[in-house]
Amino acid sequence: MHNTLALVVTTPPNSNLTTTAINLIKSALASGVEVIGVFFYQDGVLNAAKHLSIPSDEYQSLAHWQQLNHDHHIPLHLCITAAEKRGLSDEHGEHAQSTIAQSFTVSGLGELVELTSKAQRVVQL
Amino acid sequence: MHNTLALVVTTPPNSNLTTTAINLIKSALASGVEVIGVFFYQDGVLNAAKHLSIPSDEYQSLAHWQQLNHDHHIPLHLCITAAEKRGLSDEHGEHAQSTIAQSFTVSGLGELVELTSKAQRVVQL
Amino acid sequence: MLHIIRHSGFNSNALTLCLDTALAGDAILLMDDGCYNLTHPSLLAKCGKQTELKVYFVDLHAKARAIHTNQAAVSAIDMSAVITLIFQHENSITWS
Amino acid sequence: MLHIIRHSGFNSNALTLCLDTALAGDAILLMDDGCYNLTHPSLLAKCGKQTELKVYFVDLHAKARAIHTNQAAVSAIDMSAVITLIFQHENSITWS
Amino acid sequence: MSDLTSTKTIAIINSQAPFASAAGKEALDAALIFGSFEQATSLFFIADGVYQVIKAQDGALLELKDYLKTFSALPFYDIENIYVCQQSVIARGLTADSLLDNVQLLSSNDFSQRLHAHNVIYRF
Amino acid sequence: MSDLTSTKTIAIINSQAPFASAAGKEALDAALIFGSFEQATSLFFIADGVYQVIKAQDGALLELKDYLKTFSALPFYDIENIYVCQQSVIARGLTADSLLDNVQLLSSNDFSQRLHAHNVIYRF
């Protein structure tokens, strides 16, 4: 049987909760589960902050998210409304520059509906 | 008697807690209390996010902070280490742009020590 | 000492920590969601005991939340009285 | 239903909400700070009652926190078993 | 957006008070979107979440735009199941008549049974 | 930095567990700075904060850099008062010998009395 999983991340990155979410995805992949997408909502949107600065000897959550996207083609959907409420910006131009890290897709809540509908299981972390 | 007050803000801006902090400062000023500075720490640093986007018909906390700084010369000190952990950046240059709003001063915890030492009363909000 | 409570004691331990730490002569100020504690059994029990503990709440914050109290032992105040309280007490703790 | 608890029930109402909502046949998974609930009186009381409620905890998360249990009614599992649990249950709630 | 591959029943649990965090507003935003995509969506209020559905609140006093008014409009979004945990209401010294008119007060057990009947559950 | 106008006694209260938020680390950072500016600084652990000072924790298992090790070094920063609330310890099923060696276990009343004796109190 082909199992599919979607993850909704609502907790911020500067905590051990993010490490657990990433490890859970890696375990799912190792178990042959297809992770069809991650949706970042509420304080979870801070996971997509390009400038998030964590000392180099600490867990680099952003790099881990990007690796999951790159190596396993897991879409990382960012709720842009929730992100803008927390200081992130998708603007480009002379006086502005997107503060959203590569590998994240700017999305709306419609994407949450789609992931929720498609996945066999959805877990909020 | 000349009363002095310092405020340490540790709560994030997308909540009603910020409005209360700003109203408390305004009441202090109206009572003749000198507010010698505000120090932003922990999730409070998000108050300084330049791109913080709040619908125009909702409370504009950033504009209120800037007004307090402009009209009453209240220093707004941002703990840069805590800010960088939450995705803010003070970098300038070709590929980067500070994401910290005007009127905020990039500081370290030494400034918290100074404010704590100087003010007659310190309140954490 | 002035204890400032800004959260509900039903969802968190903010109120319990405050009550465990408060000594005679202290004051408790309920602000923001702290106003929900006006109906909390632990606070009501303390008020009933006639301890030397004063309890204040920000009137506007309770009104906005449609939270009412008929306790004589608690006082409704405005923000300017909050400033007075801050300077009346030597120190403060903000419980969350 | 699988109940995922990621926070301590001593500081918050996460554990209480979970226990109030759990029905026979449900499973509880303690992850992250949820492992602190291994010594929580409310959880121990439930375990003692031989209810049809299964309790699991992530072994690694408890070890890192130096939290130990000698309850026979709770099972230490690894992350791969967490994935199994997720697919064994129709739905889940994450309590915080 | 592509056609949805399946229709699921969605439960949105509100466990936090309305003004001190973005949780209530963001939960409601999610519920409205699920409703507009014709996913059967129910709202659940438990613990401090019950403070979201009490009458006569006035966010304007706090300079807030009051998202709570949207609750009365939920039937227009095909969200008709609004369940409130009676035990949480009583524990907070509130009464049934302090709640909005279009909510259903349920015992702990009924509340829990309804919750279990949904395919996907998000908690805010 | 200019000379400090006054010397105050500072209490830093830790009320949260170590790994799930930045609170513990940021509280410690603040305490170390106050100490290095020769402000008399005391650390207080209450509620889930007591989990910060139990022995044999291993953050490396969670891929964490373990800031808790710094607690043993606090005397070098002139921070010698480390108070732990006994009631919180007991409520969590912990015992005195599970705590770090350089902390003082205090009854609720003693804990509270010491706290009151400080000029400025920050809570994390």
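Lettered A, B, C, D, E and F in written order, each chain numbered from 1.
What we mean here is this: a residue touches a chain if its C-beta (ideal position, glycine included) is under 8 Å from a C-beta of that chain, and two chains touch if they have at least 3 such contacts.
Molecules present, by chain and UniProt name: A, B = tRNA 2-thiouridine synthesizing protein D; C, D = tRNA 2-thiouridine synthesizing protein B; E, F = tRNA 2-thiouridine synthesizing protein C.
Treat the numbers as computed from the prediction; the structure is a model and nothing was measured.
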{"item": "Length of the shortest touching-chain route, subunit A through to subunit C", "value": "2"}
{"item": "Set of chains whose contacts include both subunit C and subunit B", "value": "E, F"}
{"item": "Proportion of interface numbers common to subunit A and subunit B (over half same, under half different)", "value": "same"}
{"item": "Magnitude of the superposing rotation for subunit C and subunit D (Cα, nearest 5°)", "value": "180"}
{"item": "Which of D-F and A-F has more C-beta pairs touching across its chains", "value": "D-F"}
{"item": "Distance between chain centroids, defined by C-alpha means - subunit C, subunit E (Å)", "value": "28"}
{"item": "Geometric centre distance via CA averages, subunit F-subunit C, whole Å", "value": "26"}
{"item": "Centroid spacing, where centroids are CA-atom means, of subunit B and subunit E in whole angstrom", "value": "33"}
{"item": "Of all residues in subunit C, the ones touching two or more other chains", "value": "6, 10-11, 13, 32, 61, 92, 94, 96"}
{"item": "Contacts with two or more other chains, residues of subunit A listed in rising order", "value": "14, 16-17, 85, 122, 124"}
{"item": "For subunit F, residues that touch 2 or more chains besides their own", "value": "15, 19-20, 22, 47, 62, 64, 120, 123"}
{"item": "Set of all touching chain pairs, with the criterion as stated earlier", "value": "A-B, A-D, A-E, A-F, B-C, B-E, B-F, C-D, C-E, C-F, D-E, D-F"}
{"item": "Complex contacts: residues of subunit C adjacent to subunit B", "value": "4, 6, 31-32, 61, 79-80, 82-84, 86-87, 92, 94, 96"}
{"item": "Subunit A residues touching subunit B - in the complex, by the definition given at the top", "value": "12, 14, 46, 49-54, 84-89, 91, 96-97, 99"}
{"item": "Residue ranges of subunit D in contact with subunit E within the complex", "value": "1, 13, 17, 20-23, 90-96"}
{"item": "Touching residues on subunit F, where the partner in the complex is subunit C", "value": "13, 15, 46-47, 87, 108, 111-113, 115-116, 118-121, 123"}
{"item": "Touching residues on subunit C, where the partner in the complex is subunit D", "value": "10-13"}
